[in-house]
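Both complexes shown next keep subunit A, but they swap its partner, so subunit B is in the first and subunit C is in the second.
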Partner chain A sequence: MAVSAHGDPQPPDRLRLIGEEELIDLSIGCTVLAGGGGGDPRVGLMMGLHAIRQNGPVRLIELDDLNDDDLIVPGGMIGAPTVMVEKIPNGNESRLICEVLSKRLGSPIAALMPLEMGGLNGVLPVAWSATVGLPMIDGDLMGRAFPELQMCTPHLYGIPAWPGVVVDERAQSLLLEPMDNVWFEKLARNAVSTLGGCACAGIYPMTAKVARVPLIAGTVSAAVRIGAVIRGASDDPFKALDNEVELYPLVTGKVVDVERRTAGGFVRGSAVIEGIEHDRGRLVRIEFQNENLVALEDGEALATVPDIITLLDRHTARGIVTEQIRYGQRVVIAAFKSPIQWRSPEGLAVVGPRAFGYDIDYVPVEERHARVS
Partner chain B sequence: MAVSAHGDPQPPDRLRLIGEEELIDLSIGCTVLAGGGGGDPRVGLMMGLHAIRQNGPVRLIELDDLNDDDLIVPGGMIGAPTVMVEKIPNGNESRLICEVLSKRLGSPIAALMPLEMGGLNGVLPVAWSATVGLPMIDGDLMGRAFPELQMCTPHLYGIPAWPGVVVDERAQSLLLEPMDNVWFEKLARNAVSTLGGCACAGIYPMTAKVARVPLIAGTVSAAVRIGAVIRGASDDPFKALDNEVELYPLVTGKVVDVERRTAGGFVRGSAVIEGIEHDRGRLVRIEFQNENLVALEDGEALATVPDIITLLDRHTARGIVTEQIRYGQRVVIAAFKSPIQWRSPEGLAVVGPRAFGYDIDYVPVEERHARVS
Partner chain C sequence: MPGSVDLRVGIDVGGTNTDAVVLDVNDQLLAKYKTPTTPDLTSGIASALEAVLGQIDQPVERITHVMLGTTHATNAILERRDLLKVAVVRIGAPATMSIPPLMDWPDDLRAAISAGEIIVSGGSELTGEPLTPFGRDEMARFLESIADTVQSVAITGVFSPVNAEHEFEAEAVAHMVLGRDIPVSLSHGIGALGLLERENACVLNAALVGVARKVVDGLTGALARHGVDAVAFLTQNDGTLMGLDYVLRYPVLTIGSGPANSMRGAGYLTKMSDAIVIDVGGTSSDVGVLMNGFPRESTTPVDIGGVRTNFRMPDLVSIAIGGGTVVRADGDDVTVGPDSVGYRLPREALVFGGTTPTLSDAAVLSGRMTLGQPELAEPFRAGLARALEIADELVWSATDQIKTSRAAMPLVVVGGGSVILPDSIKGIAEILRPENYDVANAIGAAIASVSGQVDKVFKLGGRTREEVIEEAVSAAKDEAISAGADPAAVEIVELEEVPMAYLTEPVIRIRAKAAGPLGSF
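Our next item is the complex of A and B:
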């Protein structure tokens, strides 16, 4: 790789630059954290590598590196991940997002950040930051990926998603100023459907001071570490991964059925995994709306949102996003603990099983399952 | 009436103020010109009367009364007229429209104007002008009503509909900056569907200089005169109306069937009129998309867009909008000559029969029919 931040003089405990190597690690790590959603990272990885080669590595900063009044714009793609793999951004989306929001808010943008630790949505903000020459915050607003825009931590604290902007690859923009974040989701989702199924967005613009409360800090560098661990694991990547982030394996199996439909700006569907090896005889069903929502066995929940449910490749431990699930894949369905913010009653009201229509109580994954042995 | 501009010192050939009397006349006149669309004027009339009582009559101006750089915002409701009758604006829409557009364009708004001479959309801009204390231009961008937003004269001259804003009664706003006017229509229509079927919009913002080319001038005062003639006619309102505007009666009859559905931000459907009096034995079918598009008899077109096809009450000659057509109504289906702008090849490409999916050549109504005798 021509450009890498590896080896730069920096304290070993803090990642300060995202170069090509770190971006590759990030693309792997956030696919694990995404819970199947946030889009396949490949397009974003290509765009990010290109942007870094052109403009150099992206500075990864913390809120303390900014002044209180500095404006931060979280962003990513919204819509159906099945569409994102073939409806490619033009590369200038971040310029247009910054232009519209900075004009509307009368202030320059100081930093970008990922909306979520999704597959694509974890890496795309790196491409965006490199393109506009801004640093990126080490953190996000979900600590994983979720399908709807009110499912962001600022929503729990009454922080508005607007003024927010949706832009597409034709350089069209919609500046939305609705009455609440649920309306924001409705209007943005519908606009995205009209635009062809996915589009880019800059939402929840916040000053650094406001962002202090909702920010889930450190998730970008955590995802980079996870990616590095998976890439570097010599024998058992699952064991290595568990050393980095608590991993609760639900079942090891083969995908025997997958059903998927793209509608209304989402991909919805389910996959059935038949146990293999020590799990022979078991049958587990995953249901998803962009992200995996529940893992069910014999009608009982093995894990539910907000805990992270990810299909990991049986051999490499790399995450498989929902639009890439295919018949015959050998996988480990793994669960990870949800960020603490989502485990409160307020958090569960927004992203718990009932928020997605499941009449199931949330039970933290660590109370149901043992970690990888 | 408490406030009226009648009797104010002014040249007799130019209407300079819209007070309560003029607004009532306008509501009648533009329902005739609307071709069945633009919404039932009742809500707009109530809002306009209220605003005029609070803030005084609205100044009706011409482009020459403005400086070249003065900014004009055309506006109205968009969506399905069937919804407009029950989803009432909050009265502050024009404030929000002016605020968003004036902030975006960095210039105060000098005047408002109607987007179209629709039923509701002819009178609502009077309420808006009175509310924000701005004058209103005597003219519009259709010279009648049409269902889609690219069906405005500026579109013929490459003038963009954007930046345009859609606002609703919850004070939500969407500022749209698409790549062309057809995309504007798609995005706005979809937003309107999401907002519940109708919403208010300010679009095609133009300086007075730019507006000179596309403006269809004098249509507001013409509609006021038409309304006054209909209201004042002592015996034959059709004859009186024909003296004011060339009227081509297609058939006199009774509504024997009406089919109407509200979907995708439009009302679409048809009505069948069975001839009475001298037209006994005839059967004429009207098809509409918000506005009446074609009048058909034995599979042949009696009249088509862009000529104006309006159902007039058999006794009062008042216009009946498409969402108010009911079984048993006695009507005269009347046609009026389209504004000249729409009769060019460029105009017909946008609003001719083929633009609405009819494989019919446009024949000017005066070549098919005689005027009222």
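Our next item is the complex of A and C:
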């Protein structure tokens, strides 16, 4: 049986179509699961709304709906989300990606899927699927957002990122067939820079059979439900959110300091949250590299990657992306359980605290904290 | 002494009241007047002028400058009134085709404004290199097809804040097809990076040119009626002045000038250049920050009439707390606003024998001000006391949100309703209540300086960072001087450098603003 991102069984009434309302919910859910990274989903949301208005809603399917040798292409934008708010895509990028990969692999593409479930990239594949009229897999390869291409589950199982294709808005395409995933990252990074700072990519093409192993299933519908719960909650969105996805609140507070710098293509920095209400007197520090990596109090870790650490608006429970943290915001720092794939020794080696330079042992968030009371 | 600065009139036409003041060359207040705003702009300005001219008893020739702040542009958008039909031209194809122009606009506003939309090829990369060649013929054909209806043209190019060449080429095409008189708005002069928000701001600007003409005609008409031969300006939303020809080009920049004027006036009245300012009206309060004597700008998108824009606006937190805010008490359950009795306060408030408990009643009972007959509010004492606590908490929260650091800052309190505020607030070092607080906005208009601004992405090329900053600084100063600032007194009031490190070639974005007092003409 397919297992959702957070270890729960799939609910019986599964989501089968993504229309305008579901897409809006998805964009909100993506800011919660992003852990602060992935950029503002807004451009992806507007592209998706336009594509759905033109072509109708997107079918959301499971791997079991496909034949074993059906071809799936995960994709998303690579580069700087801040370039994409100016140089918005053409809209035909996914058509070109499918053409190039299906020609190279000698097989039609059966479905698309998101690379990551957070920020802009959690939403963009809906626009892509609507444009080419293909269904989208209910799942992704991160179960959240991470900053680098090898931080995808297929990498844990030796599944190559190539043949991968990078396309731009002028309908130029580059087919990359490097010797390993590290070279893939290097070549793709240079291509993106030459193409103007951001581009669209289809990578880790897999048959449905191969995808069974790395797929983090159910994350799209989970993000849609999270968004719906947040949008629909009338009195306590946190309680409602906890009913949907286990929520471990670390502290309720106010942003009293934020420091950000851009280096090597990443936004690095930290934010300090001073406790308010029942947490008065506490001081918690969040450190981020695009995504929030650790939450620290008195030098001790409250939570670390790969668990998802997100600043939620104190009143609406909507996620706040790293670029939008500002002094004075009232927030709840919330942690969510990471997908189980990242909790293995192999997973922790790629995205655990040590992979980001912290000399801290990973302790699952549920062993340290209680859920919303 | 012709050409020099003598008496200045500042006029602020707000939603409820029109305020006017006269200042002399030493910025001393000679006259002030407050009157309800009239639907007809010319007669409203004319009667305000008449009142202050009567108070000073000086020959009209001594008036050398008139500064007007108005909410006409905002109201025109909110009420979909007097808006021009705009040809919406985006330059960027094949990029950006996935999101059509005006996609998220309210339907009625889009219908009121758009004469047609097109995305033609062209635009720039972040590096300034062309994205694709500019589609001049494509644009000309589009404009010809809608020539009968179009009254104004809005042109937005991808990465035009980096390289505006295609926007200028498109402007020439618009003039060629539609004639020299067609107003053209170019996005790089209006908004920052963020294509959709800048495009929205540019289209609103193009639509507002008709409103700008009306305001300019109203002002010059009122001045002529009283024989005032003065240099006239409008105030813009950074608290500085725009000449009337500039108003016709950038009318959207008048949106938000009211709060900007209040903040500048508050700074002038208290001699403070760095402070939090709260302007309390009858219905709501705006909280902003003065930095170096100017309103701090918002860094997040601003919603205007349901449209997301990113042109510069004062960073404000608005709360529904004012002198006329209605208090409802049902046992322990007390609510404050958001509705207000507004201008009906002198009839409806309890202390005036009315039947509606308001925050003014609460302030009277608590001893914060003296007004009417306090004993009439006495039966509501418990509920009103609680309401005042709630209001104080909202005010504290707003002042705290607008701060950028934990350090305590002074707070300047202005506006007609400001007497309801407490004498101390957490995190506030000192509360200043200047004299003439009720006409701070008109004073802010009268003392406004002249500015010039540059917000551009620079490729370093072979140059040093310092050379590039120097280029930006002198461009900002030149712009201020050409707008009327005294060349000897222009200084840089804002300089911000944003590195964009994710690119291989070093580029920096520099925002520089220069401002100075009015020069002699």
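Note that in this section the second predicted complex is superposed on the first by the 342 of 373 C-alpha atoms of A that agree within 3 Å, B and C clash if a C-alpha of one lies under 4 Å from a C-alpha of the other, contacts with A are read in each partner's own complex, and residues count from 1 in each chain.
Here is the rule we go by: a contact is a pair of C-beta atoms (placed from the backbone, for glycine too) under 8 Å apart; a residue touches a chain by one contact, two chains touch by 3 or more.
Model, not experiment: these values are computed from the prediction.
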- Which partner does A:V256 contact after superposing on A: first (subunit B), second (subunit C), both, neither? second
- Report the partner of subunit A that touches more of its residues: subunit B or subunit C. C
- Figure out whether A:A334 sits in contact with subunit B (first) or subunit C (second), or with both, or with neither. neither
- Of the partners subunit B and subunit C, which touch A:G196 in the superposed model: first, second, both, neither? second
- Pick one for A:E177: touches subunit B only (first), subunit C only (second), both, or neither. first
- Query: Of the two partner chains, subunit B (first) and subunit C (second), which one does A:M47 touch, if any: first, second, both, or neither?
  - Reply: second
- Task: Name the contact category of A:E86: first (subunit B only), second (subunit C only), both, or neither.
- Result: second
- Item | Touched partner set for A:V305, first subunit B, second subunit C, both or neither | neither
- In the overlay, answer first, second, both or neither for which of subunit B and subunit C A:V123 touches. neither
- Indicate the residue numbers of subunit A shared between its subunit B interface and its subunit C interface, in ascending order. 170-171, 193
- Touching subunit A in the complex, subunit B uses residues 100, 103-104, 170-179, 183, 186-187, 190-191, 193-195
- Message: Applying the document's contact rule, which stretches of subunit A touch subunit C when the two form their complex?
- Response: 43, 46-47, 49-51, 79-80, 82-83, 85-92, 127, 169-171, 193, 196-197, 254, 256-257, 262-265, 324, 326-329
- Item | Contacting residues of subunit C [partner subunit A, same complex] | 92-100, 103-104, 123, 125-127, 131-132, 158-159, 193-196, 300, 400-406, 499-504
